[in-house]
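As C-alpha cells, here come the structures.
You will see subunit A twice below: alongside subunit B first, and alongside subunit C after that.
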Partner chain A sequence: MRWWPRMHMEAVWALVRAALLTAMQYRASFIAEFLVGALSAAGVAAPLFLVYARVPEIQGWTLDQALLVTGFFLLYNAFVSGIVEPNLGSIVEGVRTGALDYLLLRPVDAQLVLSFSRVAPTAIWELLAGIVVVVGALMRLGAPTVADTALAAGLLMAGLASTYGLWLLVVCTSFWFVRVDNLRFLLSAVTDAGRWPVSVYGRGLRIALTTVVPVALVSSYPAMALLHRLDASLVLGAFATAGGMLVVSRGVLRLALSRYASASS
Partner chain B sequence: MSAGAPEERVWLGSGPGARVTHLIRAWPAVLRVAFAGLVAYRAEMVIWVLSATLPLVMLSLWNAASTGGPVGGYDQLAFTRYFAVNLVVRQLTGSWIVWELNWAIRKGELSPKLLRPMNPLVYNFAETLSALPFRAGVLLPLVGALAWWRPEVLFLPSPTVFFAFVASVLASFILAWTVQALFGMLAFWFEQSMGFWSAWFAIWSLLAGYFVPLDLFPAWAVAGTRLLPFYSTLGAPIDVLLGKVDPASTLATQWGWVVALSALAALTWRTGIRRYGAVGA
Partner chain C sequence: MIEVRGLSKTYRVPVKKPGLAASFRSFFDREYKEVHAVADLSFSIAAGERVGFLGPNGAGKTTTLKMLSGLLYPTSGKIDVAGHVPQAREPAFLQRITLVMGQKQQLLWDLPAQETFELNRAMYGVDRKAYRETLDELVALLRAEPLLERPVRNLSLGERMKCELIAALIHRPQLLFLDEPTIGLDVEMQVQVRQFIAEHNRRTGATVILTSHYMQDIAALTPRLLIIDQGRLRFDGAVDTLTRQVAPERRVVVQQVLPELVPLGFSATEGRMVATVPAEAVNALLQRVLAVAPLVELGVEVPPLDEVIGRVFRGNRAEEGA
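Let's turn to the complex of A and B:
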C-alpha cells in the first residue's frame, strides 16, 4: 500500500493529464483563444492606465502597484476558468443528468475526481498574461526580497484555496436546488471586484471581500506582501480563511454526497 | 391544434402583407408565452440581472480616484451618476441570443424552431422584450441602494431630454440584440463561435463606455470612438441623459447603425440558413 497523500497526488496528476489530452484535441480554437485572452487582459488593465493618466495615486497605490493586483487577479481568473469552473460546473450538470454516479463509483476520493477531472487549456493565455503583468510591474518597482516573494506565493495559494472552497460551496447547493448553473455567473460577477486594490472600496465591502467572498485574498494580499505592506494579523487571517473555507466546503460536499440520491435511481 | 380553423387559414396565408398581419396578431400571444417562460425560471432571472453589476465595481475605482478632486471634469457625484445610468441602460438593453443561437445551431435544435410559423429570431426578440419588466424590477433595489448612499445622484431630466433618452435606449436595445444575433449566426460557419463574441465583448467593454466614460479617453480619440457601433449600444444613451452630447446627431448615428446592422443581420440569416439546410441538420 502506497503512502496515502502520494497516492492522491498520483491520482490528481493522472486526472489532469487525461483532461489536458482531451482538451488539446481542439487545436484551432485553442490558438484562436490567444487573441481573446490577450484582449481580456488588456481590458482588465486599460481602465487603470486611463485613471492613472490623470491621478498619480489612488488610496496609496501607484499605477505599478495597482498593476500587481491586476496581475494576480488575472492569475486567479486563469485558475477559475482553467480548473475550477470546468470541473465544478460539471458537478451541476452531473447532478441534473445523473452522470455523477459514474464519477462517484471510482475508487478515489470523490472530491479529487470532482475537482480535477477537466482542464480548460485556453486559460493558459490568461495565466501567461498574469505572469507578464506581475513580472512587468515588479521590474519597474524593483525586485522584492526572497521572504516577501515566498509570502506572496503562500498568500496566492491561500487565496486560490479560499476561492476554490467558495465555489465548491456554491456548487454544492445544486444537490438541493437542481438548477443553479447561473450561480456561477453571479459568483464571477462578484469576484470581479478583486481586480482593484481592496483599499478603493468602502469599509463594509472591504470586509466582505476578505471574508465572505475572499477574492481580495487572492489579488490584493499577494501584492501587499510583495510591497511589504502586510502585518502578521492579516497574514494569519488569510491563512485561517483559507483553512476554514476548505474544511467547511469539504464538510458540505460530504453531506451533499451522503444525501445524493442519483437522478437515475 | 385542430388544423381546420378557418380564421387561422386566412391569416397564415402567403405574401408579405399576410405575413405582417400574422405577425401583428401573433405578437401579444408570443409576449405572453415568453413572459410565462421567464416566470418559471424567476430565480435564474434574478441571478442574471445581479451578475451585471460590473459598473458598480468600475464606479468604486473612479470614486476612489476622485476623492481628491474632479478627474477630467467628473467629480464623485458625476461618476456615481454616470455609472448608475450605465447600470440601468445595460440592464434594459440586455439579451442572450448569442448563446441561444450558438447552441441551437450547433446542436441542431434550430430545426424544430424553423418549423414554427414565426422566424426564430423574431421569437427571441419577443422573449427579450418580455424580460424587460423583470430587469426593471431588479434594478429598483440596486438604484435604491445607490440613491441611499448618495441621494444627490437623483435628478429630474427635462421632458425633451427624457424622450431623447428613451429613443436612444430603444436604439441601443435593438442594436445590442442585433449584434448578438450576428455573432450567434457565426455558428453557421464556425464550430466554435463563442470566441468571437468574447473578443468583441472585450473591445466593447472599453469602447462602449462600460468601464470608463468615453470623454476620459485622450482628446484625439473621443470624437472617433463616438461614431463606432460600440458607443451606440451603451454610452450614447448615458451621455444623452446626462447632457454630455448633442442628442440629435447621437440619435442619428445610433439609428444609422440600427438600419445598417439589421440589414446585415437579415442578409446573414438568409445566407446562413441556406448553409444550415445544406448540412442536413
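Let's turn to the complex of A and C:
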C-alpha cells in the first residue's frame, strides 16, 4: 500500500480521467453541452448591463464593482455545476438504486470518492467567463494589492468550501428520505441570489445569504476584499463558517453512510 | 477468516395499501413494518474455504454478504472478517476483500472495460508492474483478450461478467464474495465462470463465499453449504452430509421393465424399474435383484441436489406451520 495522500491523489485523478473520457464518448452531446455552457455563462452578466444603463450605482456599488461580484459568482457556479452538482447529485440517485455499493467497497476515503468521481466539462466556460469578468473589472478599477488578492482568493476558497458543505448536508438527507432532488433545485434557485452584491438585499436576506445559504461568502466577500470593504470580523466569520460546514457535513456523511440500506438485488 | 455470532439485520420498510387515497394517508401518517432479513445467524469460515450460501429469493443471502463486506451495518450481532469489523470499512480490510454482484455492475458503461481496470488499479494503489501481471493472468484464464477494447455497453451479459470478475480481482483480494455470479448466463458461460472461480481459488488460496440459485454452481464449486431460509441458518455442512440427512434413501434402477421385480418393491416408470430404499439396504436389494435376473443393467442414484434442498425448505415451512 502506498502513502495515503499520494494514493488519494492518484485515485482522484483516475476518477476525473474516467469522467472526462465518459463525457467525450458521445461527441454530439459533448459539443451541444459546450455550446449551452457558453450561452449560459454569457447570460449571467447581461442583466447587470441592463440595470446599470439606467442607474449609475446601487447601494454604493458601481457597475465595475458589481461586475466583480458577478465574476466571482461565475467562478462559484463553475465549481457547483462542474464538480459539486454532478457528484453530490449522483449520491441521491446512488442511494435510491443502490449504485453506491461499488464506490463504498473501495479502500479510499468515501467522501473523496463521492465528491470527485464526476466532472461536467462544460463548466469550463463559466470558469473562463468568471476569470475574464474578474480580470476585466479589475483592469478598470485598478490593480489590487497582493495582500487583498490573497485575502480574496482565501475567501473564495472558504466560500466554495461552505457551499460544498451545505450541498453535502442537503444530499445526506437522502439517506433518510431517499428522494431529495427537489431540495437540490431549491438550493440552486436560492444561490442564484449570489450574482448581485449582497448589500443590495434587505437585512434579513443578507444574514440568510451569509449564514444559511452562504452564497454571499463566495461572490460578495472576495469582491469586497478586493475593494477594501471587509472588516476583520467578517473575514473571521467567513473562515469559521467554512470550517464549521466542512466538519459538520463530514460528520453527517459518516452518520448517513451507517444508515445506507443499499437496494435489494 | 470469518466469525459471525448472532448476526441480525432488520429493515424498517414503509407499508402502504394501493390507491391514491391510501397514498395520501401514507404521506402524513406513514406506517412501517419491520422486516427481519437476517435473524441470529452464527457461523465461521476458515481461510481458503469455498462456501455456498443457498436459499430462496429473499432468504437473506445478499444481506448477509453485504454485511460481511461492510456495506450494511448489522442491527445486532458480531462480525469479524480477517480481524476487522467490516462496517468500519477500514482501507486495510477493503484491500483484502472483493464483492461481485451478478445483478449490478461496476464497469463504466460507456467506456471499454480496460478503463475500469485502470480506475481500480489507482483506487487500490496497485503498482503498474503487479497490475500488468495480474491483468495478463486473469485475461488469459478467462480468455477475455478480445473484450478489453470494446465499450462495455457493446458486450454480451457473459462477456460483461468476465470483465466484472477481472475488475473485482485486480487488487488480488484474499476473500471473494460472489453474489449470484452466474445469474442469467447461458450454460456454456456458467461453466466457464465456475471453472475460473475454482481455478482462481486453487491458485491463490483465496476464500470464496458464493450465493447462487443454481445447484450446479454449488455442486461444482463449494464443498460446504450454508442453507439460509427466512433469515435463519437451516443447515451448515458438507453437501454429502446434507444428502445423507435429508434424503438418506437411494434409488435402485433397472434399465428394463421386468414384472418379476415388483414383489421386491420395484415399480415401472418410463421403461425402467425403480425402487427407493434406505442407503444401507441397497446392497441386499442388489443381490436379490441379481438372483432373480442376473443379466440386467443396474444402477444406484442419489436424489438430485435441488430435490434435496427443496425438501429442506418444505420441511422448514411445515415445521413453522405446525
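Following the convention adopted for this analysis, the second predicted complex is superposed on the first by the 246 of 265 C-alpha atoms of A that agree within 3 Å, B and C clash if a C-alpha of one lies under 4 Å from a C-alpha of the other, contacts with A are read in each partner's own complex, and residues count from 1 in each chain.
The definition used in the following text is that a residue touches a chain if its C-beta (ideal position, glycine included) is under 8 Å from a C-beta of that chain, and two chains touch if they have at least 3 such contacts.
All of these numbers come straight from a predicted model, not from anything done at the bench.
Once subunit A is used to superpose the two complexes, subunit B occupies space next to subunit C without a clash. Of the two partner chains placed around the shared chain by superposition, neither subunit B nor subunit C is touched by A:Leu141. Looking at the shared chain after the overlay, A:Gly43 reaches subunit B, while subunit C stays out of its contact range.
In the superposition on chain A, A:Glu10 contacts subunit C only, with no contact to subunit B.
Once chain A of one complex is fitted onto chain A of the other, the partner contacts of A:Val55 are limited to subunit B, with no touch recorded for subunit C.
Of the two partner chains placed by the overlay, neither subunit B nor subunit C lies in contact with A:Leu128. Subunit B and subunit C, viewed from the C-alpha centre of subunit A in the overlaid structures, lie at an angle of 90 degrees when rounded to the nearest 10.
In the superposition on chain A, A:Leu246 makes contact with neither subunit B nor subunit C. In the superposition on chain A, A:Asp101 makes contact with subunit C only, while subunit B stays out of contact range.
Minimum C-alpha separation, subunit B to subunit C, in the superposed model: 6 Å.
Note: residues 26 of subunit A belong to the subunit B contact set and to the subunit C contact set alike, using the contact criterion stated above.
The touching residues of subunit A, counted against subunit B in their complex, run 26, 29, 32-33, 35-36, 39-40, 42-43, 46-48, 50-51, 53-55, 58-59, 179, 182-183, 185-186, 188-190, 192-193, 195-196, 199-202, 205.
Across the complex, subunit B meets subunit A through its residues 41, 43-44, 47-48, 50-54, 57-58, 60-68, 71-72, 191-192, 195, 198-199, 202-203, 205-206, 211-212, 216-218. Subunit C makes touch with subunit A in their complex at residues 11, 62, 66, 69-73, 87, 89, 91-95, 97-99, 101, 103-104, 106, 108, 110-111, 115-116, 118-125, 151, 179. Here subunit A touches subunit C in the complex through residues 1-2, 7, 10-11, 13-15, 18, 21-22, 25-26, 98-99, 101-102, 104-108, 110, 113, 258-262, 264-265, going by the rule given at the top.
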